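Look at the two complexes coming up: chain A is in both, with chain B in one and chain C in the other.
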Partner chain A sequence: MDLKAAEKFRGFFFLASLFCAFFVIPATVHADEENSKCFVCHGKVDFANPLKTGKVISLYINFKEFSETVHGKKLCTDCHTDVKQIPHRNVIGKVNCANQCHFLGNPSGAPETMKYIEYKNSIHGKALFAGNHAAPQCQDCHGKHNIFKPSDTRSFDARENIPKTCGKCHLQEYVDFNTSIHGTQFKAGNKDVPVCTSCHGEHNIFKPDDARSTVSAEHITKTCSACHDKVQIMEKYGIPTEQVATYDESFHGIAVEFGVKKAANCSSCHGYHDIRASEDPGSSININNIPKTCGKCHPGANVNFAKGKVHINPKSKESGIVYYISKAFMVLTVSTMLVLIIHIMLDLRKRMQKRKGNRE
Partner chain B sequence: MVKEGEKVLRVNLIFRIQHISLMVSALVLAVTGYALLMHKSEAGKFIINFLGGYESRALIHRISAIVLIAVCIWHYLYVLFSKKAHDEFLKIIPSISDVKDFFTTIAYYLGGKKSFPNFDKFNFIQKFQYWGVAVGMTAMIMSGLVLWFKDISMAVIPKWAIDTLMALHGYEGVVTFLVLFIWHQYNVHLNPSVFPMDRVWLDGMIDVERLRKEHPLEYDRLMSESAKGGR
Partner chain C sequence: MNEKNDNGIADNGNELRDKVRKQVIEELREKYGNGFKEEEVEKIASDILEGYASIKEKALLDYIKNQPAKEIAKMERAKADAASHEMLAEKEGEDFFVRFGINFRAQHMLLFSSCIILILTGMPEKFYYTGIASFLIKLVGGMGTVTFIHRIGAVGLIAMFAYHVLIYTPFTRQGRKDFLELLPGPKDILDVIQMIKYFFGYATEKPKFGRFSYIEKFDYWAVYWGCLVMIGSGFLMWVEVESINMFGKTIVDICKEAHSDEGLLCTLAILIWHFYNVHFNPKVFPMSWVWWNGKISKEDMIEEHPLEYEMIMKDKKHHGKH
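Showing the complex of A and B:
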């Protein structure tokens, strides 16, 4: 906090503290009462800290909302342990959720999870500890005085709010997602479509070129197929589910299976944040855009690339000539084998007859 | 004069070298191709990883393909431009007598005839194998080259044609392999008259006695030639 700005409010703080001392009974330990001391000032909507830069940091906290959060029964000073007196004379530091409460074996009853360790190893955590202050910390995604359970629509981490929460920093991705088939469906209230965390994970987010990432070349097929090979989800939208299996059998799929990263995976052709339906003229797999999309890897790709299906299942009649070739060869192979084996049997039988005849 | 108990040349050295090169390259192609077809099975995974991964499997497959293509071209030029080889080639061209031989053989198997028909140097089974290989190799080489140079070929022919050739390459490979593995194995290894192995492919020589039994027309021709030539 800007110290000089704080000085300006010193008189105000003093009066406020006098008010607290006289009108609030300090002996009660009930959180609401104890906290109400703080809300004398922090409960005022226009309570703010104007910085020299012209930016105004609001210090207002909605008391009613706070009392309904997961920390609603906590004392302000449970987290803000550096608040020792009113008015505050010291700079009030950031709360460190992991060190103060949410560590394994904590005595305060805070939920204990490995998520902090996951975060520490993630791209966000690594960036933060490397000194990048733009990297998100707990509060950036979870909120500060407005932390609710993810099932609560007011939570930053409620499914409804995830894209916005991530979009605070990842603006371009947010815009791309909003215009994609997933994003437009999401806005329409569809509960099946993925939000950021569905593909990227939560605390364990890695860069896409990191093999540990759920969206890396190694794992993207698995991530997409979490929904796209589930008949019960896809049949609602008329999206075929064999795309994953047919990809696995394609040259691209086999190459990726054996660790060739340059081979195309789902996102190479379909895009990622801005995935659109193939009928959409803006889709990378729209028939008019296929030459360009294939051309990313296959120099000289032209309109021929768009003449024919991409996800081919030789067992399905929709595959056209490939289906008939597959059927014809099945007949050819079986009948050839049959004829050859019959020949071998006949030949052996005759030889045995002859040998018997010779012996006699 | 060819005498009893002697051996005569049946396959010359160049044909034997061609046969061995074809055999080795086709085997490597079959194994590396099988691994790709069966990439989900343990065997397929093992072969691909054993060969050093996806890309080195492809490299080995293509090196073998170059050997096989070279053998095919060499063989083609050899039977076309060498007098000796061309004469041999004429003997393996199918004729009406092969159809007759086929039915006579069936009749023999079923007890209608007392013996095999009188075969020439190459019986109809051997001719069928030769031409089967010729057709198979042509199909495999053509489709294989299209797949190998995919960026060029895809710019020229539509994707569905590539997909068709890809499917054909796989299925034709399986048929060729099964024919060689089951039938050719039987004819040159497991057949009681040659078991454990017909050695012609190694030294090129055949017993005169066996020639007389299995290829009587060729035997007669050799006899008359040697009588005339006083060899």
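Showing the complex of A and C:
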């Protein structure tokens, strides 16, 4: 049994080393040399393909930049497998990342990650496979010949570039975000504020009405509180963190937690892409806009809705009368129950004594 | 022979006739010996009875005429009172007294059914973060259903409280009477002191309670206060837009806090205090049945409501005279 298994593995190791000897090692060693053939043409800045429609597609590739990308050591033909001869006689098709290398168990050394599957199940992947050509594929977000690690500022997926990358398609959201408190802070270089992916996720993006989405009614509170109940982040900006706890304890919070989707969550009042500080006249929670905001769910709300604090913590003195009512009831409850329990105990004791006396 | 008519009074016309006839025969015999005829005896007896009937009718009419109208009304009311009055022992020597009438028992049933619904749906909302609460909420299908059921309970409580305060208390004899009995007085303070003395052995006797002991009075007024707070705050939150529009947002915050806190106080008072008095107390364990059949035994009546017992007995003697 052991011998047989060993033999099997011997065969596997043999094939694997052959594979490395013929494909992997030569590819890395000779990549620059091999690719230089392609850059004879594609290295020219004005190398382009004028289409019949009048559109001109640039075919220029910055060789220096390409060699620094994550694929810099790959051969051009590793991806463009339909390139057989120079000059090309056939139409060169789109590269299919997921089929060629980026799948689980791939032999070419691409990262082994669940992101491929996440993408397929996401709203983007679902739309693409349903035949929507506007839906983003890998290249739309990651780039083509300029794929860098996300930590590299040149990457489409670097934190600095994410809003722009998403904004290529989601223009209205991009504009809203840019004018929001998060967006303006982002442009000022603040590293704490969220970008698109902080709230929506990356490969696993779902529609907001999908329960799996990080911005669904079920999950939005958790998503916002990832930052908003962190004292070390919020104290820098003077934003109170008890808003999260007070919301959770409020009727809205409890209703949402137990399946009432129509109850208000963070975004119902604060908005989402265009969240603004309450002092901003454009904010949905600006004192002048509160009646309208509350009125979305409570038709007929008037200016009185804007009077007083919304996130109330009955345990804090700042809540004023609510705090004193809470305290008064605590005193009333404790004292009443104490008196009643003492009465019960005395009554029981007396009954025991009486019973004992009767027996004797 | 001795037939009874509808009024339960023996119709002894024949008996009377026999008696009169016997007497006539005897007297005739004394005076004239046996020399008289059957028909003559019959005629004399008939004359006597005719006279008796006319005099009786006249006497009764005179009696009714002379009786002042007010007195009669009072007598009739007392009679009706005694009949409808379930407080009174039904017959002399009966072992049970009826403590609570069917109306009052029905109110109590509506009250406790509503309260059970309200507590079972309200407490999980207050303590939503506990495992049992989340289990209960999910069991009935989420917060939407819980809120809906809570409002069904609320309608029950409001109906009961409105009926009790607006109809039962002012417009029924029993309601008015019990309400007055339930008003706290100086005797209750003396009773509490006496009870404490009794607990610690400084008095050999428990205080003598009337129809309602201070314990029962406390229960009644606790429910009164609880209903006012819970219904008031609950209603203002039910129509939250109008409440806020009229009184400002703080009113709903206050209502929420008060509703939640008073709810807990009510629940604790019921679970600990009321349940001890009517369930877990060794004397009544597992349960006092007065809520169901309204009855209290004579022994319990004498022990727990001696003053009321005395009153009833005095009343009965008074009624017995008429």
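The rule is short, and it goes like this: the second predicted complex is superposed on the first by the 315 of 360 C-alpha atoms of A that agree within 3 Å, B and C clash if a C-alpha of one lies under 4 Å from a C-alpha of the other, contacts with A are read in each partner's own complex, and residues count from 1 in each chain.
In this section, a contact is a pair of C-beta atoms (placed from the backbone, for glycine too) under 8 Å apart; a residue touches a chain by one contact, two chains touch by 3 or more.
Note that the structure is predicted; figures quoted are calculated from it, not measured.
For the composite obtained by superposing both complexes on chain A, the positions of chain B and chain C are in clash. Contacts of A:K350 after superposition: both chain B and chain C are touched.
In the superposition on chain A, no contact is made by A:G105 with either chain B or chain C. In the superposition on chain A, A:I254 makes contact with both chain B and chain C. When the two complexes are laid over each other on chain A, chain A has residues 254-255, 257-260, 298-302, 304-308, 310, 312, 314, 319-322, 325-326, 329-330, 332-333, 336-337, 340-341, 344, 346-351 in contact with both chain B and chain C.
Listed in rising order, the residues of chain A touching chain B in the complex are 248, 254-255, 257-260, 298-302, 304-310, 312, 314, 319-322, 325-326, 329-330, 332-333, 336-337, 340-341, 343-344, 346-351. Within the complex formed with chain A, the residues of chain C that make contact are 125, 128, 134, 137-138, 141-144, 146-147, 196, 198-200, 240-242, 244-250, 253-254, 256-258, 261-262, 264-265, 268-269, 272-273, 276, 281-283. Within the complex formed with chain C, the residues of chain A that make contact are 251, 254-255, 257-260, 263, 298-302, 304-308, 310, 312, 314, 319-322, 325-326, 329-330, 332-333, 336-337, 340-341, 344, 346-351. Chain B meets chain A in the complex at residues 36, 39-40, 48-49, 53-55, 106, 108-110, 150-152, 154-164, 167-168, 171-172, 174-175, 178-179, 182-183, 186, 191-193.
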